[in-house]
Each structure stands twice: as C-alpha cells, then as structure tokens.
Amino acid sequence: MMLDPNDDTRDLRVLEAALFASREPVNTDKLKTFLPHLEGAGIHALLAKLKQDYADRGVSLEESEQGWAFRTSADLAESLQTLRVEERKLSRAAMETLAVIAYHQPLTRVEIEGVRGVATSKGTIDMLLETGWIKPGRRRETPGRPLTWVTTPAFLDHFGLESIVDLPGLDDLKAAGLLDRRPAVAVTADLFDEEGGAVLASEDSEDDYAEESEEAAA
Amino acid sequence: MMLDPNDDTRDLRVLEAALFASREPVNTDKLKTFLPHLEGAGIHALLAKLKQDYADRGVSLEESEQGWAFRTSADLAESLQTLRVEERKLSRAAMETLAVIAYHQPLTRVEIEGVRGVATSKGTIDMLLETGWIKPGRRRETPGRPLTWVTTPAFLDHFGLESIVDLPGLDDLKAAGLLDRRPAVAVTADLFDEEGGAVLASEDSEDDYAEESEEAAA
Amino acid sequence: MENAIAIPFEEDPARTAEEKAADALIVSLDGYEGPIDLLLTMARDQKVDLRQISILALAEQYLAFVEKVRKLRIELAADYLVMAAWLAYLKSKLLLPAIPNAEGEEELSGEALAEALAFQLQRLEAMQKVAKQLFERPQLGLNRLPVGLAGLADQAPVAVKWQANLFDILDAYGAITRRANPKTYDIKTWPLMSMDEATMRLANMIGHMPSSQWKELWKALDAFMPNEDDATLNTRSAMASTLTAALEMVKQEKINLKQEGLFGPIYISLREQTQDAANDA
C-alpha cells in the first residue's frame, strides 16, 4: 500500500491503532497528539467513520465521559463469559513457597519453613492450591504422618518446563547472576582451578565488581 | 460448512471480540471454548477471514506459536511512539547471547561462551530470563548433565516470527555449516603444559549436533 | 644549555600525542567483547571474504597491535595477552614444520589450528550479523503494540488468572538462598603478589646482593621468584608481578632484561651505575 502520509486512510489507521493500543478510554485532546496536523473537526469526522466501520463487528467504538474506547459488542456478552478474567499476582511469600516446593519436593510445611527461614501462613498454601500448581503428595512416614507438597503437571505447563529436573540448579542460578554476589575475581579464579587455565575473557568483570560492591554496601 | 450465514457472522464477531479483548496471544484450543459448536477447521477458516478483513487496517491479526493476537501494524510505529510500552535497551553482549541461543539451541552456557569467545558475564542470562525470551531446555546427557538454554514462544512473538525456522538467514547459516556448536579454539590451551597443543572440539560435539538437528527437523 | 632546553621541548608534545593515542585505544578496547571480537574487527577491516582470510597475516596484525599498545604502556587485560601468546604460538606452528613432541605424538598442525580459528571468526561474525537483523525487526511493544480493549461489554470478572513466570520463581529462590547464606557477600581476598610487593622485593634483593654475585652478569629472573614451585594462581601472579616490576626497573635504567626467544627464560643484569653503587655499598 503506497500511502501518502497525509492521506485520510493513514490517519484513520493511526486513530484506530491508537484506540486499540490504549488500555483506557482516550479523549479527543489526546487523540490529537497522534495526528497533530488535524483539526478537532477532522478528528471527529474520522471517529465517526471508524464508528461506522465497526458498527457490525465484534467490537464497537463507544464514547463516554472519559473519551473514546473500543469495547466488545454488548450482544456478544453471553458468548464471552470466560473472558471475564481478573489477573492477579502471587504474593512474594507465595512465590517463595512455590519455588521451595518446586526445588525440594516432596516436602512438608515444616520443611518449607526450614528452607525459607520464615513461618508459612495457611493462606499462602491455600493461594497456591488455588493456582492449581501444587497438590498434596504422600504423607511422610514419620510421627504425625505430615502431608507433603509437590508440583502438578499444570505447573510444568504454565512455566514451560518439560520436566522438573530442567529447573536450573544452584550452579546455573549462580552463573545467571541470580544467586551469587561474590566479586568477579573469585569467579575468574574458579575458572582457573577447574579448567586448568583455559579461561576465556571475563567481560565487564570490573563493572560487575563495582556494581556488586555497591549493593553490598547498600 | 453448512452454517446459517447469520450464525457465521456471529461466530466471526465472537472470535474478533475474544481476540481484541486479550493482550496475550490466544491459542486455538482457547478460542474453541468460545465457539464450542465449531471444529478446528471451522475456527481456522474464520481466523483466515478475520486476518483478511484486517489486512489494510491499523491493527493486524498475527499468528505465532503462542496463538493469535491483534497488534498495531508495524508501519504506524512512528505515529504511535508515545504509546510504546517499554523500551528495554539490551547490552550488545545480551543481544549477541540471545542470537547465539536462538540459532544454536539447545545449547549450554559453556557452548555459548565457545561461540562468543568470551565468558558470559553475570547478569546477561539473568536479563534474558527476565525478558521471558529464554528458558531452560533439557539437560544435556553428558557428564555433569549441564542445563541447556532455548528460546520461548514469547521470543517468537516479540520478534514477530511464526516459528523458529523463520529466523532470518537460518538456512544460509546451516548450509554454510556455521551452526556447529564446536567449542572455540582453546586459546590458552595449556600453552605452558607438557601436553602442549591446542585442544579443539570434544569428539562427541559434532554427533550431538547432528542428533539434535534431526530432532529439530522432525 | 640550549640543548638542555631543546630536548624537553621536543619530548613534551610527543608524549602528549602518545597519551592521546593511548586514551583513544583504551576507549576503543572498551568497545570489544574480548580478544576474539577484536580479532574479528581486524579481519573485517581487511575487507576480504572471511573464508579466504590469511590467519597468518591476521596473527601478525594482532601481535603488532599488542606490541604497539604495550609500547604506549597501556595495561592490556590478561585475555588479550593470552591471545597474543597463542597467536605467536600459532604463527610459529604455521611457519615451522610439524615436530612430534616428546611422546612421539603429532600435535595438531598449525593449519588445523588456523582453520579452527577461521571457523570461529566466521561463526562469530554470522552471530553478530543475525543479532543485528533480529533487533531490526519490528518488535512487540516497540513497533507493534499489543492490543487490549479498555473494557468488555460486561465488566464483572468471573475467574482469577494467576500471573507468574519462570523468572519470578528463580528470582524468589535466589532470594531465599541469598538470605540463607549471607556469607556469600564476603569478599574473598586472594594471596596474590601485588606490583608494589614485587618491586620492593626485587629492589631489595638486587640492592643487597654482593657485587661478586654479579660476575656472571646475566642471572635468570626465575632466581628472583619466591620459592614456590607449583603452578598455582599465586605463583603465576608472582611471575607476572616480578616481570612487571623488572620492566619498571628497566624503565628507571637500573637493570637490563633479555629474552632469547618466545617463552624462553628471561635474564636480568645490573646497569653499570647501579653496579658501581652496589660496589660502593
């Protein structure tokens, strides 16, 4: 499509894209910032055209006090029930508990607390059960027969893992920079020892060191 | 398809609304839950029609491994600058590491270093993990069972690739034999050792590669 | 008097120019991802197909570069020096016929090593090229924006979708581990010989040596090394520091150094005035 930048078609497309990409309704002033060469009247003409284009589609352009926005068309509500999903983030405690279960399963609640060094509230396990990512495993054959916790296939599926052994080990986490805060010189020395001098260049090692010292100092 | 034309239109509208309502790509299985009376073929016919409908609009329907999603059309990027989500500036090392993983996957950290000729600084893998573009693949069945790294469907989605075989220049690199993961020339190679002689590839590396290429081709 | 004034005048601008050149090199070295990357840039500058590049010529160019940088007294990162040593080794292998080593085994030929290096350069170039192409594609969130509606026809949510990705898990586990092992924050010191230590040590040993000891004139630098006959990092650092300290003393015109071949032993001798001073003492 060879469009003249001033062509109406491009303006209409920009307006359409801007409305679709915005999470909130957009007012006319804001819309003008995308099409600075247009007057208010021009914008309104384009909005009218756009509204017309979508009159029979699955989404429609609606105007409210906050501005203009696309919404799913009202008559489809019944078919779109399952779309009404609320996205929620796991709490930090739940995240850590999940990580401990993933790495050390099967383990009991007391053991989880041992690894995390913090007491686990019942709400945390409940929240994780709700995600479907953990389930009770076998009871431990020790006094009190405590319940153990394990991850589910849905866990692997959600996090894109083929098997639980594919979780990066401590050494991998260290290499990825997620664990280790030692200065770079120690790492270089490790390489020397393990690989008989076959050390490759250590890039940015000084920067790393500086950065980590700051963190340590903070 | 012996469908009432009105039903057909409604199905198309439901599909359209469902796709517009989700910021994440939606896979065909999920789409089927909105249209339980349709077969996979019916869904695909509707998706093709929808893609056609939006070919010249401000948003386009894109397909990736994760599923289908509407995105603003790439040629409008300049006009929509203010809506940019987040401009993540990756370091050159991170970009190069990502490319090495994408083209040679699955490969271990040591193999990445072999290709780049430089040790991976801490924070590089870490940063790539955080972008969600890489994840651990299977462990290599060699001593130490090292972790391999692979790209994710989110990587394909981010760079607008339908599948990994669409990586630019992949066929040419393969034909030129440049996707061999053999280690770097061992520069230090115990120069001052009695053993002498720079060590090249470990003998099994080529076999490994051949094996995995076949897997990839299958 | 005129001469005495003229010399500094000639030297000063020259030194400034050298320093400027040195700064430029430091800056440009920062832009490289290590010695292989630098080597690749040099190869590219030859503007020939990498498949036909002369590794021998490239090795010579790299060695000349390292030589130049060292003349300017710029400290090069160890890996650049290691690369230089390896290229010197490769060069000698390419120029000399293959000799079986002590065990009678044939070492890898210079040609095989050169070919492996050429392959590595081609592969790295290919990766750098595709990385650039990849990031030139229209990216999500940058050139292609995700689309999400401001609202559905019916707003009330009916289900909860939990948000978490693999990085969140790894990051959480990393946090627990860091918390459990606060000692990993300890900064380990390594028993390395510093430059200052080596300089004091060498100056002391030379200063306190009876002049009769210098009769043979050239002494092996090894004799000045601490008596640790192992290949630990400590010994390596002592070797490096002692050599650097010796070079510094050459600069101060106190001693002479010589080496008769690559990787050959290094010898040290006193300059005359130093010898006189030692005799006086």
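Should a chain be cited, it is by its letter among A, B and C, assigned in written order, with residues numbered from 1 in that chain.
Just so we're on the same page, a contact is a pair of C-beta atoms (placed from the backbone, for glycine too) under 8 Å apart; a residue touches a chain by one contact, two chains touch by 3 or more.
Note that the coordinates shown come from a computational prediction; the quantities given were computed from them, not determined experimentally.
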Core chain by centroid distance, with centroids computed from Cα atoms only: B
Reference chain A; chain at largest CA-centroid distance: C
Geometric centre distance via CA averages, chain B-chain A, whole Å: 17
Between chain A and chain C, centroid-to-centroid distance (C-alpha), Å: 40
Chain centre separation (chain B, chain C; CA means) in Å: 35
Sites on chain B at which at least two other chains make contact: 20-22, 59, 70, 72-73, 80, 83, 93, 117-118, 129, 135-136, 184, 187-189
Residue numbers of chain C (touch at least two other chains): 33-36, 82, 145-149, 152, 165-166, 170
In the complex, chain B residues that touch chain A: 9-10, 12-18, 20-22, 33-35, 56-59, 70, 72-73, 76, 79-80, 82-83, 93, 109, 113, 117-126, 129, 135-139, 147, 152-153, 184, 186-190, 193, 199
Chain B-touching residues of chain A, taken from the complex the two chains share: 1, 9-10, 12-18, 20-22, 33-35, 56-59, 70, 72-73, 76, 79-80, 82-83, 159-163, 165-169, 172, 175-178, 180, 184, 187, 191, 196-205, 208
Partner chain B, residues of chain C touching it in the complex: 33-37, 82-83, 85-86, 89-90, 101-102, 107-108, 112-113, 116-117, 119-120, 122-124, 126-135, 137-149, 152, 165-167, 170, 263
Complex interface listing, chain C residues touching chain A: 33-36, 77, 79-80, 82, 145-166, 168-180, 184-188, 190, 233
Of all residues in chain B, those that touch chain C in their complex: 20-24, 59, 62, 69-74, 77, 80, 83-87, 90, 92-93, 95-96, 98-100, 102-103, 115-118, 129-130, 132, 135-136, 157-161, 167-169, 173, 176, 178, 180, 182, 184-185, 187-189, 191-192, 194, 196-198, 200
